[in-house]
C-alpha cells in the first residue's frame, strides 16, 4: 500500500480533533490554566469546523480505505458535530472552572468524543462503525462521571456505562450476524449482497440488532430509559454536547445503515422505525409534561426530538435531508437551551439541574438571556419562523411523501403537547415575578455561545435555504463514490 | 458443516446467559462481567463465521472487540470506584437517586 | 414584484417588524420615543394599506399587487404576497386597529408595576404582532401563511401573558395551546397538498394559485378541508371550540383584546374563504351542513351565554362568538349576498367590537371592576361615554344605518336564499343580541346612579381620540357600505361562481 | 316642490347634528329654535309635497345607492305619492306642534339638548320610513324610530322603570322586526328586488297564494310589533315612562301607526292574500276590544291613553284588514290629532300636579286647569266618537266597512266604541270633576301650562274637531286623495244602511258617555262596589290579563334559565371541561410514565431487553 493512497485528507476533521485531543491531554500536564486549555480546545474545534466547511465547499474526496467516507452526508454530520463542539466548548469555558472540573480530561474527552461522533457519521465499514461508536461512548461514559464530587454524576456514568455496554453487545452481535450472512464487513459489500440474501434470518436478525443498537444511542423508546437519568446527572455542558452529538452520530449511522445498505428491505424496517418514532415522541413529550426540573425536562424533550427525527428516518430516502437539517437545528437550539441553564446553574445546589422555579422572572433580571431561552423554547416547540419549525416541516413533509401521513399527524399533535412544557419555562421567565436569586453567571464565552445558538436558530428559520441546499441529495453519494 | 451451527448456537446461548445475568445480578462488577460474557459470545460468533467464510475480517474484528472491552473495563472500574468513594456499595439498586 | 414594481405589500407587512427592531434599539427608558415610533410606524402602515386599497382595481377579480420571490426552492416554498377584493379591506382594518391599539396603550398597560414599566417590550411585541397579522392576510404561499399564522401566537402569548389580568397565565397558555392544537393538522394538510401538487406536476409547490387548479380525487378535498377547517374553526371560534376565547379576551389588556376580537378573529373567517372555499369547494360543500349547524348553535348558544354573564367583557366576548358564527354561516352558504355580507361584516365587526372593548377598558379604568352588578347609572356622570357605548352597542346590535346591519342583513338574506330554516334560526340571534346588549347597557349606564360611579370621569383626550374614528366608521360604513362592497364585488362574483360550480345549495 | 322633497329629511338631520354636537354649548333657547325650526321647515316641505303629489301615482327620487351586492341592489331613494305625502304631512305637522309643546314641558330638564336631538332624530327616522321607496329603506326607518322610541322612553334613565320600559320596547319590537326582516328576505327571494313599485307590478305574476300569504303574514308580524297589536302590544303601556310629549308623538300619533301605514303601503299584496287580511282584521278587532277592557280599570291617566292607543290602532288594522285602507289612513290621521291632544293634555295635568298621574289622586281639576280641561274634553269627545267630532267620522267609516265585510267584526268594533266612550269619560270625570283628592300642597300649586304648551294643544283641539270633515262620507277627501295609490274600490254608495249604522254608533258613544257620567259623577260608589263584586274579573283586567307574567314565565325566564345553565354550568364544565380534561389526561399520562422511570438500572436493562425481543420477534416472524 502506497502511503499516498491512504487519503488521510478524507478524515481530516476527525484527525484534527484527535490531534487536538492529544495536544490538550499533553498541555494539561504542564499547564494548569483551565481557561487556556479551554481556548486550546476551542482552537481545535474551530479548526475542525473550518476544515469541514472547506471540504464541503471543495471537490469531493475519495473514501478512507473504504472504512470511512468524506461524502456530503458525512461532512454535514461533521458540520453539525463541529458546530456542536464549538458551542459546547464555548459554554464550558467558564462552567468547568465554576463547578471545578479537571480541564485536561474534560476537554480531551470532549474532543475525543466529538472525533468518535464524526467518525461514526463517516463510517462505511462495520469495524469503523463499531470502533467510532465505542470511542464516543467511552469518552462520554467518562465525561458523564467527570464530576467525581457528586454521587449523582457517578450514578449517571454507571447507568450510562452499564446500559451502553449492554446495548453495544447487541449491536456487535448484529454486526456479527450481518458478517455471517453476507460474508463482508464493509457496508458497500453488505449493500451489494443484500438483494441476493434478502430473507436470510441471519441477515434479518442482524438488521434488527443493528437497529436496536443505534436506537439505544439515539434514545428511542424503549431503549431510552438511561437518558433522563444520565442527562440529569452529568454536568450540564456534557449533557448539552452529548444530547446533540451522540444523537446526531447515532442517527447518522442509523440512516446510513438503513437507507443506504438496506433500501431493498424498506418495507421491513419502516414499520418498526415508525412505531419507534411514535412511541419515542409520545413518551418523551408526555413524560416531560410532569417534570419540574428543567434539565430533566430537556432530557425527555430530547427523547421526543429523537422521535421526530425517527419520523424522518422512517420516511427512508426522502427523509435523509430532513434528518440532517433537523439535526443541525436541534444542535443549535438544544445546546443553546443548555447554555442558558449553565448560566443559571450554581455549583452546589444545582448539581442535578436547575429547577423550573429558578427561572422565575429571568426576563426582569437578564432580558437577553431570557430572550435567547425563549427563542430556544419556541424553536424546540416547533414554532415558526424558527429553526425547529423547519426541521419538523422537513421531516414531516418527507413522511407525507412516503405515505406516512399518520406519522406526520402524530408528530404535529406531539408538537402541541410539547408546547405546553416549553411554554411553562417561558411563562416562568416572562410572566412570573422575579425571585430573589443571585445573578446568573456572566461570561463572554457563554454569552457568545448562547448568542450564536440563538441567532443561528432564528436565521435557520428565516432563511433555511442555505442549509437545505447543502443537505439536499446527500443520499446520492452516501458511500462517497 | 454442523460444527458452525453448534458454535453459533453456543454463542447465542452464551449471549443469552450474559444478558440474563445483567438483569438478574445486582453487583455492578458482576453485571459488567455478564456484559463481557456477551461480548465474548459475539467474539465466538465472529471467529466461527470467519472460519466458515474463510475470511479474516471476523478475526480482525475480534481483536478490536477485545481492545475495546479492555478499555471498557478500565472506564467501568473507574466509575465504580468513584461511586464507591461516596457510597460503599457495589449494588446497582443502591444508586438510584436519579429517577422520575 | 408586482406590476408597479414596488413591493408595497412587503413594505406593509414588514414595516412593523422594522419598527419593532427600532423600538429595541431605543433606550429602555425612552418611553415617549418608543410610543412615538410605534405610532408613526402604525400610521405609516395604515397610510400604505389605504394606498394599496386605492391602487386596487375593483373591476378585476383576481389577485392584485402580487409579489413573489424564491424562499425555500428545494421544497417549492416561495415568498408570495397578494390581495384580492376579499382580503383587501382586512389590511386597512388591521392597520387601523393597530393604530388604535397603540393609542389605547398610551397610558401604561398592565396590571402590575413591573409590566406597566415594560413599555419597550410591550410595543416590540405589539409591532411584531402586526407583522404577523398583516402577513396572514397577505400571504399567498401556504407555508408562508402558516408561518405567519403560527408566529403570530408568540407575540400574542406575551401580550396577554405579561400585560393581562389576574388569570393571565392560565388564559395565555390556554390560548396558545388551544389555537396551536387547532392549527397543527393544518400543517399536515399543507404538506399533503404540496405533495399532491408534486404528484401531479412533478414539483413541490405551496403556491395558492397553483394549488387552486389542482384536481384532487375525492375524498381528499374533504379531509384536507377538515384539517384546515379545524384551525380556522378554533380561531374564529366556532362552537364547540370557543372556550379559549372568553378567557383570552377577558384576561388580555384592552388594546390586545381589541386586536384579538377585531382582527385575529377575522383570520379564521378569512381562512375559511381563502383556504376552504377557494381551495376545496367540494370539501366545504360536503362539510357545509355540519358547519352550518355548528354556526347556528354557536349563534344561539353564545347569545344565551352572553345574556347571563356577570362580567361585561365576557358579554362582549360571547357576543363576538355569536356574531362570527353568523359570518361563518355566511361563508358556508356562499352565495352572492352572503359572501358580500361576510366581507362587510368582517370589517364591520372589527370596528364595532373594537369600540366596545375599548369602552369596557374605559369602564374598568374608571371603576376597577368589570362586574356588571357593580355599575349603574354611569351615563349621568359620563354622558359622552354613554353615547359612545350606545353607538357602538347599536352597531353591534345591527341597527340599520350603522355598519353592523349591512353585513348581518346581507348574510341573512344570503342564508335565506340557501336554507330558509337556517335564516330563521340565525335571525333569532338578532333578538337575543338586542336583549343581552341592551340589558348590559342598561345595567351599566342606566338605572339609579351607583354610589361609586357618581364621580366617574367622562371621556376626554386620548379616550376620545381612540373612539371617534371607530364611531365615525360605524356610521359611515352603515350609510355607505358600498365603499367596501363595490371594490369587493368582482371578487365576490368569482367566489360565487366557484361555489356554484360545485352545485352548492339547492 | 317635489324635487326638493329631500329637504324634508335634511332639516331634521341638520337639527340632530347641530344639537348633538353643540347642544350643550349653545343654550336651551338656541336648541329649541334649531329643533323646532328644523321640523317646521320640514313640515312646510311636506305640505308642498302633499300638494305636489295630488293625483299622482308616485314619483321616485333616487338619492344614492346604498347597498349593491350582486343582485342585491338597494337605492336610498324617496317615493313621493299621496300616501307617503299624507303620512309625512301628518308626521311633521304633529311633530312640529309637539316640539313646540316640549319647549315648555322640558324647560327644566338638564338634558334638554339631548331630548331635542332624539326628537329630531325620531322625525328623521320616521320620514325615512314613510318616504322609503323600498322595503329595506323602510326597515331602516322602522328600526330607527324603534331606536328613538327606546331612547326617549328611557330618557330619564336613572329611573329603573324607565330604563326597563325602553329596553322592553326595543326587544319586543325586535321580535316584530325579525318577522319584517324575514318578510323582506322572502320578498327578495321571490322578486330579486326590494323596490315597492317593482314588487307590486310583478306580484300578481310571481306570487302564488302560499307565498303571498307568507310574505304578508311576516310583514304583519312586523306591524304588530311596531303598532302594539296582539301579541306584541305589551311594550306600549310601559312606554309611558317616557316624557309625555314623547308619548304623544311616538306612542300615539306617529310611530305606532307605522304598522298601519306599512299595511296600506303593501295593500297590493294584502289584497292578494285574503287569509292574511282576515288575520289582520281579526287581530285588529280583538286588540281593539281587549285593550279597551284594560283601559276601563287602569288608574294611570297616561296608561289609559296608552291602552286607548292600542285599541284605536286595532281599529285601524280592522280597517286595513277589511280592505278599507283609506279609512284606516283617515282614522290614523284623526287619531294622530286627538290622541296627541289627549296626551298633551295629560302632560299638562302632570305639569300642573308635579308629575302626579294617578287619576284617583286627582279630581276637580277643571277649576284649576280650565283650558286643559277644555281641550281634554274635545279630545275625549273625538276619541269617544261623539258626533261631529273627528273621531266620529273616521271610526264610522271603519265600522261601516267592517259591517260590509263581516257583521261580527262590526259588532266587536261597536262594543269597543262603547267601552271607549266609557273609559275615556271615566278618565275625564275622575280627573277633572268632583272633589279633588290631590294632596293639598299640590293642589294649591296647580297652575295652567304656559302658552308655549297650550297653543299647540289648542291647535290640535281645533284639528281634532275639524279633522274629521276632510273625510266626510260624502266628501271623502282622504279617500279621493289616496285613490291613485290605493285604488280603493268605491264601496256601495252610502245608502240607508250607512245612515243607520252612523246613528247606531253615535248612540253607542253617547250611551257610553252617559254610563260613565252615571258611574263616576252621579254614583261614584258604584264602581268600587262593582270591582268588589266582580273581584276576579277586576283583578284580571287590572293585571292586564296576566299577559306580561305569561311572557315572563314562558319566554323570558326559560331563556334566562337556559342562558344561566350554559354560562355557569355547561360552558365551563362540559365544553371547557372536555378541553381541560384532555390536558389533564396528558398530564396524568406523563406522571404515570415518570413512575416507570424508577431509577434502577436493571429495570432499564429489562426495558431494553423487552424492546430487543419485540423487534427481533417482529423481524424474524414477519
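By written order: A, B, C and D. Residues from 1 in each chain.
Basically, a contact is a pair of C-beta atoms (placed from the backbone, for glycine too) under 8 Å apart; a residue touches a chain by one contact, two chains touch by 3 or more.
Everything quoted here is computed from the prediction, not taken from an experiment.
Colleague: More C-beta contacts across A-B or across A-C?
Modeller: By the number of C-beta pairs in contact, the winner is A-B.
Colleague: Rounded to a whole Å, what is the gap between the Cα centroids of chain B and chain C?
Modeller: 64
Colleague: Report the inter-centroid distance (CA atoms only) between chain A and chain B in whole Å.
Modeller: Averaging C-alpha atoms per chain gives centres 26 Å apart.
Colleague: Give, as an integer number of Å, the spacing between the C-alpha centres of chain C and chain A.
Modeller: Chain A and chain C have C-alpha centres separated by 42 Å.
Colleague: Would you mind pulling out the distance in Å between where the CA atoms of chain B average out and where those of chain D do?
Modeller: Spacing between the chain centres: roughly 97 Å.
Colleague: Among all residues of chain B, which ones touch two or more of the remaining chains?
Modeller: Each of 19, 22, 31, 92, 95-100 in chain B touches at least two other chains.
Colleague: In chain C, what residues contact two or more other chains?
Modeller: Chain C, residues with two or more chain partners: 177.
Colleague: If a residue has to touch 2 or more other chains to count, which residues of chain A qualify?
Modeller: In chain A, the residues touching two or more other chains are 158-159, 162, 166, 228-229, 290-291, 420.
Colleague: Going by the touch rule stated at the top, which chains touch which?
Modeller: After working through each pair, the chains in contact turn out to be A-B, A-C, A-D, B-D, C-D.
Colleague: Can you list the residues on chain B that touch chain A in the complex?
Modeller: Those residues of chain B that touch chain A are 8, 15, 18-19, 22, 28, 31-32, 35, 38-39, 41-42, 45-46, 49, 52-53, 55, 57-58, 60-61, 64-65, 68, 71-72, 75-76, 78-80, 82-83, 85-87, 92, 95-100.
Colleague: Spell out the residues on chain D that touch chain C in their complex, using ranges where they run on.
Modeller: Those residues of chain D that touch chain C are 64-72, 114, 136, 139-140, 142-144, 147, 150, 154, 157-160, 162-164, 166-167, 170-171, 174-175, 177-178, 181-182, 184-186, 188-189, 559-560, 562-564, 566-568, 571-572, 575-576, 578-579, 583.
Colleague: In the complex of these two chains, what residues of chain D are touching chain A?
Modeller: 583, 586-587, 589-591, 593-594, 597, 599, 601, 603-605, 607-608, 610-612, 615-616, 618-620, 622
Colleague: Can you check the complex and tell me which residues of chain B touch chain D?
Modeller: Interface residues on the chain B side: 19, 22-23, 26, 31, 92-93, 95-100.
Colleague: If we count contacts the way the header does, which residues on chain D are in touch with chain B in the complex?
Modeller: Result: residues 594-595, 597-602, 605-606, 609 of chain D touch chain B.
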